[in-house]
């Protein structure tokens, strides 16, 4: 497994870049939010991969006193809360997109900018 | 045998993903999502046994319940869209 | 011993049916046949796979949880298929916005 | 061997992500996002993060899909083909990605027990949780006990975001028309079979959520997961019976009360610790015995988290479902 020992991190980098590309290159605002979601998930993957310990198990103690290997609980805590915070911020973003659609009649960034210039 | 079953499930996940990518109709994609959800439930159940922590079957239970709500949400979305896009 | 053999056979068959369902969903020509492949073998594969694990769990809390999972999957799977087929059928006489699924090859 | 399965899942993850960015249909993109979340949850499970996998399943595959569809019902489904050159973003992304991958070669291998992350506080948490709190789930103990101040911040962020969604979508509401939400409000009432089966499932979903809430100290579970799953149950009722019936069981003022009440409960536990002579969010003084105090404090804090998360997610769903698309 040492050959693929870094595969998780490579996937993290790829996902991060796919998300980043969607955010900076796609004019559609919903697409940008989906890209942001992918970006977030990539960061989650990085943290959870770092927490993994070979031969370990999830940090829930089965029999007290018995020596056992556990994965690192701290990144789990950080990411668990970050997932819920992530969906709240995505919902906020979607709400703003819906209002933009009502004001401008479009959710394409270039058209919004064109309409702003005309004013 | 656990490994063989898990491998079969993973291959099926890949096939379902291919169906979701190819389409061609939106319903095919919803079908693929639903299939994918069921396969995830099976995968998690088997892996929970493989890693010797059967108490994690709670997760499979959660997936089984949540997946269905997703499909119903899609159905409701279709109905709403049809309603709005009818010529006024 | 017999239980072990039986559970292995069930897991193998379950995996086979799951794979068959996936293959059918990819290869069959139109939406309804694909749905048929997916849902029919989905149910069968699910019963066999979960049943195989259940035999290994030797009647503990895990068995009850597996039975619950099986029960929910048996209820939601066919319902989801029905709802999807219904939505697809209704959309055929709908001028917009989705192409009719029956014309696909 | 299980790690190998994880590698296959990661590969599927990349394929799905590329497809999400490429597809021009936003509905398809949302469906693929749902698959993406399922793969992500399975990956988390294989990487031994049971609690995180549970959260990702409830939030990613459930609530996130529902919210995206709710917003998409108010927007155009097709994305316009982007014209012109995209070389600059592509170059930026390729350069950054190359740098990141180059940097990974200095990272410790996956699962290396001597990695720096595992040396600092984590062993202390794993060692002290059974002693100080007599709990089995270390994740819950760290979340609501050792790092409760952190979690309080997160809960306030969630509350703020939820209020933001409600306020943004409450303003500039178009005049309700005859064809508006009131006319669509039937939900899936005319689809008999999904409706009956769905109604049958709602009590199980809510019960399962409560089980996760109160079982969180022994197994995977806790306020965030429970809140998300209970919210899905309540949203299912609104999907089946229509928006009006969904609002009738939990009106907006009750939802706002829940959102604020959960966060206030959290703060109140902290202040109670101060009044009883300890520090902010110091649970040891809450009961006669420090261990009992820790457990009481963690239970109350988790309950506050669960209430706020439920309220926020349900309120966000209603904010989208209650609107109709601009002409």
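Letters A, B, C and D name the chains as they come in the text, with residue numbers starting at 1 for each one.
Convention: contacts are C-beta pairs under 8 Å (C-beta built on N, C-alpha and C of every residue); 3 or more make two chains touch, one makes a residue touch a chain.
Worth saying up front: this structure is predicted, and the values here are computed from it rather than measured.
Of all chains in the assembly, those touching subunit C and also subunit D are B. With centres defined as mean CA coordinates, subunit C is found 10 Å away from subunit B. The distance from the centre of subunit A to the centre of subunit B, with each centre set as the mean of the Cα atoms, comes to 20 Å.
With centres set at the average Cα position, the gap from subunit A to subunit C is 30 Å.
Chain contacts: subunit A has residues 57-58, 60, 62 touching two or more partner chains.
Counting only residues that touch two or more partner chains, subunit C has 72, 76, 79, 83, 97. For subunit B, residues touching at least two other chains, in rising order: 6-7, 13-14, 26, 30, 32, 51, 53, 55-56, 58, 61, 65, 67-68, 72, 75, 79, 81. Pairs of chains in mutual contact: A-B, A-D, B-C, B-D, C-D. Interface residues of subunit D facing subunit B in the complex, by the touch rule stated above, are 1-2, 5, 8-9, 12, 15-16, 19, 25, 27-28, 31-32, 34-35, 38-39, 41-42, 45-46, 48, 50, 53-54, 57-58, 61-62, 65-66, 69-70, 72-73, 77, 179, 183-184, 187-188, 191, 194, 198, 201, 204-205, 208, 212, 219-221, 225, 229, 232, 235-236, 239-240, 324-325. By the touch criterion given at the top, residues 57-58, 60, 62 of subunit A touch subunit B in their complex.
Every residue of subunit A that touches subunit D in the complex is listed here, in rising order: 1-2, 4-22, 24-28, 30-31, 34-35, 37-38, 41, 44-45, 48-62, 64, 69-77, 79-92, 94-99, 101-103, 105-108. Subunit C makes touch with subunit B in their complex at residues 7-8, 11-12, 14-16, 18-19, 21-23, 25-26, 31, 34-35, 38, 42, 45-46, 49-50, 52-53, 56-57, 60-62, 65-66, 68-69, 72-73, 76-77, 79-81, 83-84, 87-88, 90-91, 94, 96-99, 101, 104.
Within the complex formed with subunit D, the subunit C residues making contact are 72, 75-76, 79, 82-83, 86, 97.
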